[in-house]
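Presented sequentially are two complexes of chain A, the first with chain B as partner and the second with chain C.
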Partner chain A sequence: MDFLSMLIPFVEITLAGAIINASVHFVPVGGAPAAMATSTGIGTGTTQLAAGAGFTGLMAAATIAAQSGVDIFNPLHWAIILLSGAVGSMIMLGLTMLMGQLIYVFGVGVVPAADKCERDPITGDYQKPYITPGTTGHGVPTVCFISGLIGAALGGIGGALAYVALIQLGFSPEVAGIIAVGFFFMNAVLASYNIGGTIEGFHDPKFKKIPNGIIASFIASLLTGVIVVLMALGI
Partner chain B sequence: MDPTLLVLGALALSSAAATVAGCAEDLESDVGSQSNPNSQVQLAPQMGNIHRYFNKAISGEPVSYGLYVTVAGTVAWALMNIGMNVLLALVIGSAIGAFVHGAYAVSAYFGRIVGQSKSFGQPVYLDIVLSHLGPIVGHGFIAVFCMVLAAYLAVTMLGNPFPLPLVSLILGITVGAIGSSTGDVHYGAEREYQKYPFGGGVPVANQGDIDIKAEVGIRNGMDSSYFCSKLGGPLTGLTFGLIIFLDGWRSLVGGILGNALRGDIVIKSIIAIVVGIIIVAVAACLNRLVEVYARKKYGPYTDR
Partner chain C sequence: MSHGGGGHAAELYPENQIIALGTLLAILGMYISQFFPQVSMLLGGLLASAATVAGANTTRKVAAYGLGTGVPSIGMLSLGMGIIAAVAGIFLVNALVKHFHVDPIVLYFIPIVGTIIAVILGYVVGRLTVNPIGMKIPIMVESMTKLSLMGALSILGFCSAYAGGFLPEIIIPGAIKNGVMALAFIAAGMAILHPFNACLGPDESHKRTLLLAVACGFLTWFIFAVARLEVISTVVSLVLWALAYREFIKQSLKDACAVYYTPELPKRET
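Right, the complex of A and B next:
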């Protein structure tokens, strides 16, 4: 294996980690409070939802990469694998947010409303009058939905990029898959620490902390990249 | 037979299994009270609400279901490799996964409740353990079996390059994330707080003040499962089933249209990606329609 064929996957893994970390910041997760319609977003944990979406994208990307005629060193094929991962993640998170919204509206009887903005930056709808007193919003308003889709797309691209890099290093799909899963979790957890609980999306003031998360993941992924390259060399 | 038809059939079966798995997973988490709404069951004795809910916060649902389905997938994979019949291997694997689930459920209940007994006076109800364990393990078995079946079809028929245990892990984590995000809201925001008027969510001041009385008698986890099977459970199943189906269907459409256009793998993949983006755009539009409907139907708060 020559220097360049190790350097490109190394750079890809490092970038993948930073992209995965950034993606988690876009996903509107309200944690346990959102499960009681006490805060805006999806009612589960940051890492878990991002991982659920990212892994769907990872499987979509791996299925494309495994098809006959696909050359992972071909830039066009490389881009298609990444985009397939992005779309797979977006479908997972888009449908999850939509169905969650149906339960919020028809099962719980709340109006989707964001707490971190006066008006929805996309639709222009006023948000505050629809928030139940004593809560910090509920449901998945349009701005959160779009932010979630951006996050899912980035998560899918990040997961797929890590998988492709591992395949380029010569790992079998099985080994590359399990390393990519662990790698995704590592970066999603780092992002979760940076977020510190809940986030509504790109309009949330907490989103401004994203550079810290990206730097942390960049460093962690750099170290991971060194380890997987050494593994690929058989050291 | 046309290979495309076979793949379509496998995809349909896989999606149907995923739908059942999602529904069973959500109802199981309602019987056992797991995931985020469990924080309220945990908080209730501290607020003076002595309850008869099962309390099973083993971990987040994605992680716990990742474990059960991986156990099932790994055992089934090992049995298949020594020549056992596929269906039998899947059933035995799922049974062992359900056994692991049951063991965690019992230890989680005793651990959680005993921890609250001394400080907050919450009794350990042995009849709750005995009566709820069957529905928990039963629903868990259905969910795990359907997911391992979906994982097996993904590996053997749908071109997934990963081994069965890894696909099982990924599907387990995904179904946990979906159940936690969709169906559990119906349990946490509505069922646990039915004594408050419908609509409006749960203000922070009311948290922990969960319903301890049922329609008749004292409420337990099985009452919650009955209630959530009307909306939360089916929608969770529909979410997981649609995700598996639509993600596979777009690739199938890409393949069929790509063949019709005599395109290569790039053309087929681009069509699949475009179809996927259309699906996402439709979901975004539907979400907006539901939001507008809710704003008109329920209106703003005017009495602040």
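Right, the complex of A and C next:
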């Protein structure tokens, strides 16, 4: 294997880690309070949400990559694999947010309202008057939904990029898939430690911590990239 | 949201002792799987569950500080690093033999190489969680190192027990290409993260958490024994699990407040 054919996957996997980490910061994670509708976001932890969306993206990318006639080194096919990963993730997270929203609105009976902004930056609706006293918002308001979709798209692209890099190194789809899963979890959890529990989306003040998470994931992915490229010699 | 509750309960055994024992037993189990494939699931699986018990013990120690993201996150992180280290151990040693033409005897050092990579990866990720990310847990770096190690050892242990050895030509078709490694990822992950996640709280006791960890380890072994359709291991693991779980229930009842009678709910509100 020549130098260039190892360098490109190495760069891809390093970027993939940083993208996965950034993606998690966009997803509106509410944690346990959101499960009781006393906090804005989806009612589960960062890791679970990122993993759910990321794996769907990974599977969508792997399905496209396995089609006959798809050449992983062709830039156009490469872009299609990445996009299919993004779309897979967006469908998964979009449905999760929609179903959660239906339960919040028609089951629990709360109004979707964001706590971290006076007016919704996208629709311009007032948020504060609709928040129940003693809670920090509830449901998935428009800004959180859009933010979640952006996060899911980035997560799908990141997962697909890691998978594509491993396939380009010559790993079989099974090995590439299992390493990509481990890689995805590592970066998603690093991001969730950076967030520290709950986040509403890109309008949340905690979102400003994103550079720390990206740097951490970048370094961790650099190390993983070195290990993975050396591993590729042993196929 | 802190998960620590009442902080640290008294330790029954020192953590390092459990880690050392878990590492030794898991590596021993891999060599037994390699050299005696007839008993790979019976002994290899049993010894691999030692690694999950040690991992659960470290999870207990670090998660008691309150991670802010729930106990499962650290278990998944440990398995994420562990799976990279485990696969890297197999492929890196294979690279030495295939690409650099080293004597094939080095293939027998796969568990050791996997251990070393897991320690390096865990240490680096641990440092990253402290420095740019800013986790304020004093034992974060050493705990991440230990968790990564235990994740890698439990995955390699269960995979080599399933495939009947850790040499690349045995484990790659026997446990990676057929997807058993994904089972090892999630089953071992559950065994590492579940015990403390279930037992945490102000009255958490080390004995109870450890008993549940042992029960979870046996349950993981049972899942692999069923997946491999091996009757003896299935029966033995199920019996051991039942014994461990019975002890756990007994201990839970002992630690709980006495409930003498449960009043019936009123038929209708008055």
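Note that in this section the second predicted complex is superposed on the first by the 234 of 235 C-alpha atoms of A that agree within 3 Å, B and C clash if a C-alpha of one lies under 4 Å from a C-alpha of the other, contacts with A are read in each partner's own complex, and residues count from 1 in each chain.
Rule of thumb we're sticking to: contacts are C-beta pairs under 8 Å (C-beta built on N, C-alpha and C of every residue); 3 or more make two chains touch, one makes a residue touch a chain.
Not measured: the values here are computed from a predicted model.
Touch criterion not met for A:Ser5: it reaches neither chain B nor chain C. Between chain B and chain C, more residues of chain A are touched by B. Shared-chain residue A:Ala51: touches chain B and chain C both.
Contacts of A:Ser192 after superposition: chain C is touched, whereas chain B is not reached.
Judged by the touch definition given at the top, the superposed model places A:Val181 against both chain B and chain C. Of the two partner chains, chain C is the only one touched by A:Leu230; chain B is not. Legend: residue contacts after superposition of the two complexes on their common chain; A:Ala216 is shown touching chain C, with no touch to chain B.
When the shared chain is aligned, chain B and chain C each come close enough to touch A:Ala32. Touching of chain A by both chain B and chain C, each in its own complex, is seen for residues 31-32, 45, 48, 51, 174, 178, 181.
Across the interface of their complex, chain A is touched by residues 1, 67-70, 72-74, 76-77, 79-84, 87-88, 90-99, 117, 120-121, 124-125, 128-129, 131-135, 168, 172, 176-179, 181-182, 185 of chain C.
Those residues of chain B lying in contact with chain A across their complex are 35-37, 39-40, 60-63, 154, 158-163, 166-167, 169-170, 173-174, 176-178, 180-186, 188-190, 192-193, 198-207, 231-232, 235-236, 238-239, 242-243, 246-247, 250-251, 264-266, 269-270, 272-273, 276-277, 279-280, 283-284, 286-288, 290-291, 293-295, 298-302, 304. Of all residues in chain A, only 31-33, 45-48, 51, 172, 174-175, 178-179, 181-186, 189-190, 192-197, 212-213, 215-216, 219-220, 223-224, 227-228, 230-235 touch chain C in the complex they form.
Touching chain B in their complex are the following residues of chain A: 31-32, 34-38, 42-45, 48-49, 51-53, 55-56, 58-60, 62-70, 76-77, 80, 83-84, 87-88, 90-92, 94-112, 123, 125-126, 129-135, 138-142, 145-146, 149, 173-174, 177-178, 181.
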